[in-house]
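Given below, in the form of structure tokens, are the structures.
The same chain A turns up in both complexes below, where it pairs with chain B and then with chain C.
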Partner chain A sequence: MAETAQQRFVCDSAMDFLLMETVSLMQEGFDSIDEERDAAYARMEQLGHRVGMGLAERATRDRPRFADNLEVVKFICKDFWLLLFNKQIDNLKTNHRGVYVLTDSSFKWFSRMSADVAAETPQLALVHSAFPCGLIRGALSSLGVSSSVVAEVAAVPQCTFQIKFR
Partner chain B sequence: MESSSVGAAFDATNTSAKPPSSFAVLCIAVIGKNNNPLLVKSFSTRHQELKFHYCCHTACDIVEERVAPGSKNLDLYLGLLYCIEDLAVYGFMTNTKIKFIVVISMSDAAIKDIEMKNLFRRLHNQYIVLVNNPFYDVEAAPKITSKKFLAAVDSMVLG
Partner chain C sequence: MTVHSIHIFNKKCECIYFAEWNAKADASKKDKLEPAAEEKDVDGDPETAKLVYGVVFSLRNMANKLSNQGFRSYKPGTYKLHYFESPAGPKLVLITDPNAPNMADTLQSIYANVYVEHVVKNALVKPNTPIRNQLFRTTLDKYVRSLPNFE
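What follows is the complex of A and B.
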């Protein structure tokens, strides 16, 4: 199913806008800023989880079985990220004891973000990292791996995902 | 309607439609991650559905043996799992630990691998469509009631 660059651009933009709006929507209806952020984060993560499960099913269709956990993480870094963002994860680190750190140096959904005060951007961008965390966690759980995924944003557009296998 | 002179047991409920493959599928089953049956669809007039439940139950154990860590075959298609009485059971396990089981009646004609793989591939594609339906709860893994999926399974066997 070949798609033109234009079609891809339209789809990616639409997705970007949808996610931005969804995050705002999830933040409604709460009194304090902290509650808002936690609630929005949790809901987005759950959404990402479900979407990730479906995507993983599609992405692993014609692939041979995974030999071990490292292969599963490599799949996330390469094929899964390629499917989502047309690029791969830039850096993968592991401590070989079930903790993996994935670094994306120019995360697609952060590429056009900026705040009034430049220093605040990473903090505000954190809520937007909930959905991709959920995506990774959903994909992993549908492949049979129970994990927890946390994101760190040092400076937009860079984003780091830390996967802890349970 | 059976006729034992016509090759092996052609055991289909609808004899006027020609099945798309050369063998007669008696049962198609989809088993979830936790070995819970999502769908056990029987196309046999001769065997009870319970029998196919037993077949799938045994098949689960065999599948787990085949995919145990350390096995060299990393294919999704698991081939013939085992034979019991006049039935042959074939298996396929996706990367997301969903198992597809196909039970056919054994015949003298050789079953081509490629035809089995085609059947499993079509099943897998339908299952992917089902999972991407937001109204289907993958984690709770209830029995499959989607009309689209059931219709597709019927068309795979009955043509």
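What follows is the complex of A and C.
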């Protein structure tokens, strides 16, 4: 992606810390743990949606239109992920009927996560996967595709995103 | 050279982490050879921690008044205590046998490579609480065991 000489940089760590804190912030104000988690998830996903839309528009500024859904998903796996995390999605699977599974084997935002009891980490990491889900959904929707995105965390730092086209 | 133990204190003077290697021969209390997962007292003996903190605090103030450099280590007959204070907050105290060389670099790299990576950057950890996460514990353990003269 061509950038002008006036590109401005943001510190990577600052961005990571901001997102970490946003997740905790979103969990405030609710009484039960389940409510907290659901509400935080929904809010973060909405946030991600908006950010993803803008980011995708910016990233595809100079590109021609995409031929089909597969091209769009490949764009997400390669260029979009490269823009966000400096790496590509490691594995893409599809059933050719509108369901795609993207696997990132060392998801950047999960790479330093660890809970007190190692087994609980995937569960706690799920809330942090809301924002990336929203990012993907937002990017897809700004490229003209309506979808739903769900994340699964089997073991940190690996993360799997499942895209279902509607 | 062996490393005996490490304490980490946060800015509120609480001991947020304690680990021990090679339990000393004259240890009369429980035999904690390795930071095991099921220990209920993962922060070690709170009294010892307070004593250590007190010693370190007094020595640090005294050294600051006497010289520009600040307190780094002291050595009575049977052990050597190394101290590292990061500008941001936590203080690391390392206790080794008396023949240890200057461990300031080691402590600095423990702070930068282990503490910052696995505690500060960990989304699931609230700051200033006792550190109990597995990744930090295993990384620290591996790091200390990989030191050149560790036995």
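Quick notes on this one:
The rule is short, and it goes like this: the second predicted complex is superposed on the first by the 156 of 166 C-alpha atoms of A that agree within 3 Å, B and C clash if a C-alpha of one lies under 4 Å from a C-alpha of the other, contacts with A are read in each partner's own complex, and residues count from 1 in each chain.
The working rule: contacts are C-beta pairs under 8 Å (C-beta built on N, C-alpha and C of every residue); 3 or more make two chains touch, one makes a residue touch a chain.
Quick caveat: nothing in here was measured; it's all calculated off a predicted structure.
Of the two partner chains placed around the shared chain by superposition, chain C is the only one that A:116 touches, whereas chain B remains out of contact.
In the superposed pair of complexes, A:20 makes contact with chain C only, with no contact to chain B. In the superposition on chain A, A:128 makes contact with chain C only, not with chain B.
After overlaying the two complexes on the shared chain, residue contacts for A:136 are found with neither chain B nor chain C.
Of all residues in chain C, those touching chain A in their complex are 117-118, 121-125, 132-136. The touching residues of chain B, when paired with chain A in their complex, are 33, 67, 69, 74-76, 93-97, 124-125, 127-128, 131-132, 134, 138-139. Remark: chain A residues 50, 53-54, 56-58, 60-61, 63-68, 142-144 touch chain B in the complex. Chain A contributes residues 13, 16-17, 20, 23, 109, 112-118, 121, 124-125, 128 to its touches with chain C in the complex.
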